[in-house]
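Report on the structure given below.
Chain naming follows the written order as A, B, C and D, and within any one chain the residues start at number 1.
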Amino acid sequence: MGVMRLGRVEARVLDLEKSIDYYSNVIGLQLVAREPGKAYFKAWDEEDHHSLIITEADYPGLEHMGFKVRYQEDLDTFEKAIEQYGIRVNRVSNRHRIGEGEAIRFTLPTGQVMELYHEIERIGNGLKLNPDPKPENLKGIAPPYLDHLLIAGEDVPATTDLLMKVMDFHMSERVILHGDELFAVWLFRTNTPHDIAIIKGPNGKLHHFAFGLSSWEDVLHAADCLAKNEVVLDEGPTRHGITRGLTIYFFDPSGNRNEVFSGGYIPGEDFTPVTWTEERLPRGIFYHKGEITERFTGVFT
Amino acid sequence: MGVMRLGRVEARVLDLEKSIDYYSNVIGLQLVAREPGKAYFKAWDEEDHHSLIITEADYPGLEHMGFKVRYQEDLDTFEKAIEQYGIRVNRVSNRHRIGEGEAIRFTLPTGQVMELYHEIERIGNGLKLNPDPKPENLKGIAPPYLDHLLIAGEDVPATTDLLMKVMDFHMSERVILHGDELFAVWLFRTNTPHDIAIIKGPNGKLHHFAFGLSSWEDVLHAADCLAKNEVVLDEGPTRHGITRGLTIYFFDPSGNRNEVFSGGYIPGEDFTPVTWTEERLPRGIFYHKGEITERFTGVFT
Amino acid sequence: MGVMRLGRVEARVLDLEKSIDYYSNVIGLQLVAREPGKAYFKAWDEEDHHSLIITEADYPGLEHMGFKVRYQEDLDTFEKAIEQYGIRVNRVSNRHRIGEGEAIRFTLPTGQVMELYHEIERIGNGLKLNPDPKPENLKGIAPPYLDHLLIAGEDVPATTDLLMKVMDFHMSERVILHGDELFAVWLFRTNTPHDIAIIKGPNGKLHHFAFGLSSWEDVLHAADCLAKNEVVLDEGPTRHGITRGLTIYFFDPSGNRNEVFSGGYIPGEDFTPVTWTEERLPRGIFYHKGEITERFTGVFT
Amino acid sequence: MGVMRLGRVEARVLDLEKSIDYYSNVIGLQLVAREPGKAYFKAWDEEDHHSLIITEADYPGLEHMGFKVRYQEDLDTFEKAIEQYGIRVNRVSNRHRIGEGEAIRFTLPTGQVMELYHEIERIGNGLKLNPDPKPENLKGIAPPYLDHLLIAGEDVPATTDLLMKVMDFHMSERVILHGDELFAVWLFRTNTPHDIAIIKGPNGKLHHFAFGLSSWEDVLHAADCLAKNEVVLDEGPTRHGITRGLTIYFFDPSGNRNEVFSGGYIPGEDFTPVTWTEERLPRGIFYHKGEITERFTGVFT
């Protein structure tokens, strides 16, 4: 049993049509379904029905994040465990959103809504019988998968504790300030440097969600696509010290920060976390420049 | 609980000194310990004491492969489960080899010796406090980690069944010949396309073991290193259709086939296996040429 | 004054429609003009009307190669110089082929027909005012330019002498066999490792013509395109020792060998040629494998 | 006859020992000679004795730049032509600096000192007989060659006119402001996007000099080296719109701006220049961000 991965992000957007155009043509996701006020997307290498939902709203941000669990029965187990931990859990009914089965839903100590689910329609990636390595006719950045998200909150240790103790997340990296303050943490369930990260900041807020890429060359291609489409860049292309990943940060038309992320290491459950302290935190964030901008640390949605 | 990953390969070599030179200076592993007739190596990004043991012998091949499990108690659980499955299990005592704790040991239906273990000394990768992304003074190909191995045997389904049923391995890809013969299979525990693969062939034999690389550019660097050192190349640089990975095959001084492997996808436990059939199998093996050589299919150690 | 670069190759093909499909959709050139029995192509970053002409014929091979000179007056100068050298020169009249101005035409000592020309219509690359780095909607391999060709002949020194003495080509590399036999030579006018190369072989024959790519990553993309389209690969992806270039060889539908080539160095007129001898010639040709196949040395068109 | 390429840059530095350490160990040039107050370096793939001289002084900047001409006799021809153009020319005697032969010396309309020379000692790159593609034991960024420099001045058209009319430089790109002001220009003699560029700014000043790299992957390696050595980054890794090149700007210990540059196109003498205007100039400079910082436009040495 257990949490498999970050399965979906639901982001609030200001203008649905503009956002559909952006996520379809610039990011290059497949638009798989629409309903009034909502659009559903998957990345080309994903098999599930969708990994991104955008929902029209008056302000941007994270509507919910969903982690997929291995078995349907895991919902009961996690429901009990999370309630026992002291957090109230609700059930989200089957087909509450397009393509989705039942889920459990609760609010993290840092204020974001998380869902756990197992059932979701399968669309597939079309690459299951004698396949070529890529589908034809990809557009834009065309990331193969949704990778991770970074959320903010006042009590980083609280959400970290819940995720590690109850959901068996493992820690890959952490920032310790003033000797003992857990300022930020990177957690994983897959053998990637992070499926979710949490940073000290305003409760309930989103810093960014990230799409996975395969190489530094793909990061360049992404940067070229962003430039061609005049997307506002935040930082990059560059390398993170934390996770060693290769990255670009930029903003969707509603101001939600997106990232493309490539690389890093392949941690196991026995991975010894990496620790960062004040004097090297800027290199941890942006390894090459060793400087953090106000926009990067100040803008959340 | 569970199997985490391929933790170690013990390969037989004909000439220990020559092999130490090769694995140290061409592959670029760190020599961490020696004893009469044996040498122990780790790759730079691994934390455990070793991932490769070479053992002097009159003929090359695989002495054993070891998979690391998450908890020490998993040894008891797996011991029972494997015996119940009908395979005899032995205990390997603590410090049987340098740096290693207790293990359980058994023979796969295809004839190879497998060990499961949890305890092993930790050396670390030296990158745990405010690290740079790489250590200094790497030599040769310098892969960050041991990635997977491919073994041969007459009864591919039997070993596959054991690994999937008892050890919860998942299938990423398979070759089906003549409509229903499981000719080869790729299995994973980590979110990588394979930790072990099994192909129809002579029992007890090794086809290759592989080191992980980070990019196609690193594959080129590896090919340049191999050429400079006049290592015998088998195939590559090229891409596999199966796993989509980027690859070079070559031979160690004893004739054991090595691979460097990069890329592929990030499968979860819900991954739908990819199936290959006769007409595309050559592209599955070597995507670019679409041809398989006799050496590649005929040489095992 | 002087020769600027390899401006065009005219190749004979067996089936015009099939070849148009191949050069348009697999190689990814732009079809710029057609006339009965002929088609004209340019690569996306070239400004001249065409760099490849394919001409239907009963057997494949090189119809002519054309080098562009800096000034129209250079035609007179070269005409005189080549005739003085002892080779008969003809004039090709204006608009003999689509888009082309006048040319001078002569046969190399190794039997191939060469033209020198200055005038050719300009189509441009569409990237001259505030451009993005690439045009949209590229297909297939999409090389930015024609790079070089390799011709065969019995008297390599004779053609070499003509090109160097009369047309001021410079030598980047050469193969010397049996102590003093000039077996092959690489010559340049641009600051690239070669615009033309000559190898000992059957007179009048073509070994290959090559399109330029920008990176090892583009070479992988090309290999993936070739595989997807089931093009017959000859060798690669790999590196040449000679020129250090990154390469794939493959065959067009008529059996003409094509290459994609990337990298190498930037030689000046003062470059000291590199010399290769027997014992390392295989590594010179294919650096990684250090082996040459019969097909590579035996097939000319 | 003619100018071949940018052969050397002599830069003023504040602290010779610190600068020797930087250019040797971070940039990774070979220190080939020293004399009081001066050190001489070559990049690994260059054959001439040196391409960079650093000279201790109280303030940083460009002491002179030297372009290598094809023949010794070209000195006389250019001497006459430049004097006829109205600029005074001096002779620099043989062995005025280590390894160098005679040169002619004059001041550009924008105030920088330029030398033309043919004779210089040859050290070679050690890769002339059956070579591997790279030497062993490279350190730091290890660029293969010096690529270009960018100088500032009040009268950009004046220096451009001299270089194009008298020295047959060709224009690859230009910035036109206010409809007809030639604000910046990129000029080449080699088939690379630039050997020298000139931008409106303070007379006699240097904006940067650049080392050539072979790929975007090498640019990442360079960025990692700079970070590890805590070199102050100015911009990058990113792409230029102008030249399409891949780039990082950073500062040597004296505040001279350095660049590593890779890619771009291969222009011939018939290349149609690219024009940039106000509205896209920021994307011309830094294609991805589309923003220019004050430091980039304001700091000259």
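Structural remarks
Simple rule for what comes next: a residue touches a chain if its C-beta (ideal position, glycine included) is under 8 Å from a C-beta of that chain, and two chains touch if they have at least 3 such contacts.
Please read these numbers as outputs of a predicted model, since none were measured by experiment.
The minimum number of touch steps separating subunit A from subunit C is 1.
Of the two interfaces, B-D and A-D, the higher number of touching C-beta pairs belongs to A-D. Comparing B-C with the candidates A-B, A-C or A-D, the pair whose contacts agree for more than half of the residue-numbered pairs is A-D.
Between subunit C and subunit D, the centres computed from C-alpha atoms are 31 Å apart.
Subunit B and subunit D, compared by their mean Cα positions, are separated by 48 Å.
Note: centroid distance subunit A to subunit D, computed from Cα atoms, is 43 Å. In subunit B, the residues that reach two or more other chains under the touch definition are 132-133, 215-217, 224, 227, 239, 283, 287. Here subunit C touches subunit D in the complex through residues 4-5, 45, 47, 68, 70, 122, 124, 127-133, 144-145, 190-192, 212, 214-217, 239, 241, 244, 263, 265-266, 268-277, 279-280, 283-284, 287, going by the rule given at the top. On subunit D, the positions that touch subunit A within their shared complex are 216-217, 220, 223-224, 226-227, 230, 233, 236-239, 246, 248, 283, 287-290.
Looking at the complex, you find that subunit B touches subunit D at residues 132-134, 215, 217, 224, 227-228.
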